[in-house]
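Both of the next two complexes hold subunit A, though its partner changes from subunit B to subunit C.
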Partner chain A sequence: MAYLVRNDIVQYACTCGQLRPISFLYFCRHCLKLRCGFCVCHEVESHYCSNCLEILPSAEARLKKNRCQACFDCPNCLNTLAVRGTTVSVRDPDDPGKVNSQKKYYHACFFCRWTTRDVGLPDQAVQTVSANGWAQKNTSNVQRITVLLEHAKLLGMLERHEREQREKKFTARFRRNFTHLPGLTAAHVRKRAGLPPELPAPSTIKVNLAEFQPAVAKETVPELPTDIFTKELDIGTVTTLTQRFAQPETQPDSIEGLLPSYKHLSTKQSQRCRECEHNVSKPELNPASIKFKIQQAAYFYVPEVRIVTLEPLIGGKPSEVVIVFINPSQHPTTLSFITLQEAEEEIKQHQTEGTTDTAVQQGEAPLSLSSLTKPVTVVEEPRPIDISMTGEVQLPAADVEIVLPPKDDAAEYDDSGEIQQFHDDPKIVIHRRANKASLRFTVVPKTDIAGENCVIGFAFRYTYVNRISTPAIATSEQKPQKVQLCTRIFMNCGKILEGTQ
Partner chain B sequence: MIKTYYESGMGLSTERQAVVFDFGDCYTKVGFAGEAGPRSIVPSEVRCPKDGRTRKVFDAVKADEQYNLLVEFIHNLYFRHLLVSPKDRRVVVVESVLCPTSIREMLAKVFFMHFEISSLLFVPSHVVALSTLGVNTALVVDMGATETIVIPVYEGVAVLHAWQAQPLAAKAVERQISDMLQEREKSNQSEGYANLTEKMIEDIKVRACFVTTLGRTQKAREDKPCPCPPSVNYLVGPGSNMLNISGDIRENAFNILFEQDADQISVSTMMLDAITKCPIDMRKPLAENILLIGGTSMAVGMKARIKEELSYLAASAQYSEKLKLRTFKFHSPPAKENYTAWLGGAIYGATDIVSTRSLSKEAYLKDKKVPDWVSLIYNTLNEGVKRSI
Partner chain C sequence: MSSISSHHDAKPKHDLKIALHAIVCHESKLRGDITIGAHTIVHPRATIIAEAGPIIIGESNIIEEQAHIINRLPPGADPSSQIVMEIGNGNVFEVDCLFESTKMGDQNVLEVKSHVGREVEIKSGCIIGAACKLTGKEVLPENTVVYGRNCARRIAMDKPPIQTLQIEFLTKTLVNYHHLKKPRSANS
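Take a look at the complex of A and B:
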């Protein structure tokens, strides 16, 4: 049974061609298409610390280099450090005979037992460490790098001067193109053209450049420690690469150089449909909340498919598979079945229809106003589905329609079994209950591949009630639109057995 | 309308720092332009969601597979390490001269088509590494994971016909350790050598091995070996047995980079050969401006050994006629060797170069190709400056 609910058994083909279980898919209510983690646009929504659940505004997170200022990671095993309190006795400075006890705090790791005392960091008098004493800074490097940065920026400006001289003709032309537009200043034009702001004069740049001191190479290099040939080495005192890389700017090779690092923040992310730019998922800001403001998960909208029972699969022999279809929506839906080829043709047709209005605006001059106001949307080409079928499935005729009633939360607890009339073909529909229907399919596994998994694929159409009114429809009729959608399903029905003749 | 568009920073990301990537065969360095160090150094691998195994990002065979691995890997870099949205942000990629065009095209496709970045700039690692020094001339020696590459850069221009590349780097050393352990396994069955993974071999290399002196190696070659350094006990995984790493392995594994066997090529001859291939007036400045980068040059004793080798070889019959060089000088940039090239990219990425030289999203979408000028290999910053001064 556990096998049947495993999430790689029934997979849906996403619009982009990836195969995913339904729980991993989104359904864009605006495009009426399936989307997956691969084909949506991910965005960082908020930064928070996973230890203290403090939320940091993006600007602050950037300033703090994505680190929580109150929590620390163990430099030894990279888990979170905990604060420990101890009482230490201090001799009273005024009265040498008296001993005062004082509360002191240090950080310790519960996983590997590393403590800040191991590397000689003094205990702190307050619980919330400001840690400025610990900060692992390579200040001399930072100063030098600031100088180098300035130097490189000046060189860059000089180069741009040159370039602009060379391209003067061209520049003059497009400036004229722009300046006829009302309310545009030169600075505006530069911005529009994607150019950085005006430069200082080359002479000033050269004066500044002259002050720079390039690095000087030396004949001396770090020598091999002379005692390395005689001293016993305890490998436990040498840091691993993981430990070194946790402090990229110092990369100490001895554990004595390890310092606690501010805890790296985590993010909440939102997902956006790349075609229509609407969110398909947006979490609540509060780090402690696991709820969503927007969550267009496919399992709220698209009928769910599960295998109920399977007969033993034998190469070349038809066997019966019972599959249940569940309508998750608040509206009844009508199912009908088609082959993968038919579904693909339908999808292709949709695409060619769609491209006329969602076509990417290309080929125009990059500076034209339209491309500035309306950012180009980039959508990756859908890919062919990467799976090979090892069985045939016999579908009910295309005109057989199965109606699934809407999901009714109350009915879950209602055992009265109010029977609705559906005029089903008992050969196909073997069981019904609320918004579910179990259907009988016949699968014929391929021959000569005993031991392999039997993978089948088919597609089904379902009706979906679109309650989002597009502007065009809103004017004509306000009523929800009933549309027919199609989705492709791939199932792994388990191992094919050896035929017994 | 137009105003909000600008305020949101699209197409005009000078205020937003560009993201700088240095994709290595083994380790990728990633961070923001204008910063003093990378935010993260991470193994260039992803965990396959299906079977839970880790896969090297640059080992894929099929293009589709490569694309997926890169998407997964770069997604993690943005959302676990950089914590910024990739969309509409500039990207600078530090690339090696030997980076195949196919990888470059693939990266461009992933960045533009999948992550919708606003612009992309490729900068050659050896040239940008010089901006961590502020000099224009140096012999850049990049000792990475799979290869050591030597490129002379003179007055900002790479002397491309003189470059040298050999698989004498981290992987060669690790293979040597593995071979030496295997050799011992044959004579002594009971050791847990078989349980060692690639990662453990690397760990042994990093924590137990060092680069010995030329003097000791020469003595050993003359069959008068010095006493070995003490051996080290290495714990193979929790609960497993101790593996004894002999002093011989600790001392001599790195020698594979300096052996001049059949083909007469070692890291030091590569450097001298690169200098020899340059015009005479460039040689002294190059020899006196050596820049060692890449993680392999961080091994204990590596720089001392290289210096010793260079002085010895330059005076030997092999080179003394061709090269009249006696002094070799080494630079120490304000960065660790394994991210020096990244820092160079971060410095470049903070200049106007990113706005003037990058390939824009619009331009990429037009042809879906990376034009040659996008890489600064043939076309460097300093070149322009030289002309203008």
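Take a look at the complex of A and C:
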């Protein structure tokens, strides 16, 4: 499946101007626009460990430096370490003649076969190793780092203080308005006014700042080993940069210094449309679940386009390209084709409409009050599409409409061959099956660029049934609305061949 | 593989020697002068082709499905010359690996889809990781581990353990579901 849609042969233009395959796009059902990873807000939903699947609240995750306290990463290849058990025989301390067998555990990597025994870490008596002193071995800098962090915090406070002093004129009025209310503390007022909590007095900050001891440059550095220029270097014992960066506290230059590090936590993220602030994707919280609460992928709403067959592309010569259009939605959709220029003009028109009244979007009723209370969202200017066309495509006339039936999961198993009548022009539609239609297009590659890829672009309109009823329109119209949307498509049809004549 | 079998037809030498207690499934493809040591398991659909000369496989090896052990003639070599491939004891050839070298020591593991070229000599205790390809000319020192996408290397502390339990298990189970090639010494 992934290889069919996850390639850059057919790319859709996102509302923001990015080109993406359909599997990389979201479709916001509220503003009826395509969204890509660049034009949605990514929010962290939960932190979890991908090895033991434990969820951590974000505050706790921050406290633990976004690492799981029970799982370890291989310092050699950065994969997860596994626990292995062995039985070792230990001489009984009370009775020297007796030998006891004992279960011991150590960590090993299944990928590069690194083990904790390689660096001389002792085997553990318990299976769940934590805080056993591996990772905390070299913590000499921890104190200094805390001091530096504290210092940076104080500097930040001082700066904020100065800024607030400057803005006092404006905030003073604000405070007066609230402080007369009973039961409100100063902290409450600050919170309601959207200000950060009260700062300590600048004098105390300055006293604390004075206590800070800056770093002192030393002239004495440790000597290099005497044999550094004479001893032959065994490259196998030197750590790679990746390995050193994975262990920033010690940054060992020899593989003997590699220590297992706590496993990094993973996050589950939700994506939010930047314009209307609705979620376009929201995963289930449970780390073991791969399902979504909300998943508005473009793949479920926007007709999918694939190339079926191609005639050899020769510069300046028309060749036939068969493209299949697939309707993924539960409603029939009507396709019609327009050129890129027409589509761009249409988009521009929508934008100018949008700036006059942001609430009116493609036939939606004004959202009246709710739009006033909503925070102002910044609508970014879409960037121009960065692709050069190396072929012309001849589209069917603009009034040719192709109706695609809705997706029916059972149709795949239905061999009855029930043929619906669509009154298609057989010159355009060459094949139909269920929710798919194969259409014939003519492509004329440019001349004199043999060997380059033939890139064509066009746009198509499709009807979309909007089933989301906003409170404002729910009262006036109960019916789901039919709207016409437009999507721009760019296709890489492959190499242009040299003309034979 | 078609080119190999055609080569082989030109050299009509079917000398299969299977030691006692070895398990060689009938569906395996064995061509040419091959000696298989005791307790060695050859799974169905494993391929061993002795084209350039005899292949001598030691004891307690596991040769899994789709594994290819091929003693190939180097390009441009005299077809009448004899090159002997020697494989030691306790090695594991995992699914779809390709081994073309002529010398292997003991207790090595060729992981899934790995490839060891003709000019790589493997000592003992080496692990060639999944999908790692070694095609140059070199001698792998003992306990070398090749792993990851970039075929990174390191020297391990110990050799991988011998798969005694696995061999015992396979010896018991494979007979129940597959026909075996009969043990046979060179003279019989």
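Please note the rule applied: the second predicted complex is superposed on the first by the 383 of 501 C-alpha atoms of A that agree within 3 Å, B and C clash if a C-alpha of one lies under 4 Å from a C-alpha of the other, contacts with A are read in each partner's own complex, and residues count from 1 in each chain.
In this text, a residue touches a chain if its C-beta (ideal position, glycine included) is under 8 Å from a C-beta of that chain, and two chains touch if they have at least 3 such contacts.
Remember, it's a predicted structure, so these values are computed and weren't measured experimentally.
*Asks:* Considering only the touch criterion stated at the top, classify A:Ala201 as touching first (subunit B), second (subunit C), both, or neither.
*Replies:* After superposition on chain A, A:Ala201 lies in contact with neither partner.
*Asks:* Which partner does A:Val90 reach: the first (subunit B), the second (subunit C), both, or neither?
*Replies:* Touch status of A:Val90: no partner.
*Asks:* Please indicate which partner A:Cys112 is in contact with in the superposed arrangement: first for subunit B, second for subunit C, both, or neither.
*Replies:* It touches subunit C, and subunit B stays clear.
*Asks:* Is A:Glu219 touching anything from subunit B or subunit C once the two structures are fitted on A? First, second, both or neither.
*Replies:* Once the two structures are laid over each other on A, A:Glu219 reaches subunit B alone.
*Asks:* See if subunit A has more residues touched by subunit B or by subunit C, and give me that chain.
*Replies:* Of subunit B and subunit C, the partner in contact with more residues of subunit A is B.
*Asks:* Go through the superposed model and pick first if A:Ile449 touches only subunit B, second if only subunit C, both, or neither.
*Replies:* It touches nothing on subunit B or subunit C.
*Asks:* Scan A:Glu249 for contacts with subunit B and subunit C and give back first, second, both or neither.
*Replies:* In the superposition, A:Glu249 contacts subunit B only.
*Asks:* Need the overlap of the two footprints on subunit A, from subunit B and from subunit C, as residue ranges.
*Replies:* The answer is residues 240 of subunit A.
*Asks:* Quick one: in the complex, what on subunit A touches subunit C?
*Replies:* 76-77, 111-115, 117-118, 236, 240, 255
*Asks:* Hey, which residues of subunit C end up touching subunit A in the complex?
*Replies:* Residues 127, 129, 145, 147-148, 152-157, 160 of subunit C touch subunit A in their complex.
*Asks:* Using the touch rule from the top, collect the residues of subunit B that touch subunit A in their complex.
*Replies:* 1-2, 5-6, 10-12, 14, 27, 29, 34, 36-42, 50, 64, 71, 75, 78-79, 82-88, 112-114, 116, 131-135, 202-203, 206-208, 210-213, 216, 226-227, 229-230, 232-234, 250-251, 288-290, 298, 300-301, 303-307, 327-336, 338-339, 343, 347-348, 350-353, 355-356, 360-363, 365-366, 381-382, 384-385, 387-389
*Asks:* If we count contacts the way the header does, which residues on subunit A are in touch with subunit B in the complex?
*Replies:* By the definition above, subunit A touches subunit B via 8, 38, 41-44, 47, 61, 65-66, 138, 140-142, 144-145, 147-149, 151-153, 155-163, 191, 194-196, 202, 206, 212-215, 217-225, 228-233, 235, 238-241, 245, 248-249, 251, 253, 265, 267, 269, 274, 360, 362-363, 366, 371-373, 375-376, 378, 380, 383, 386.
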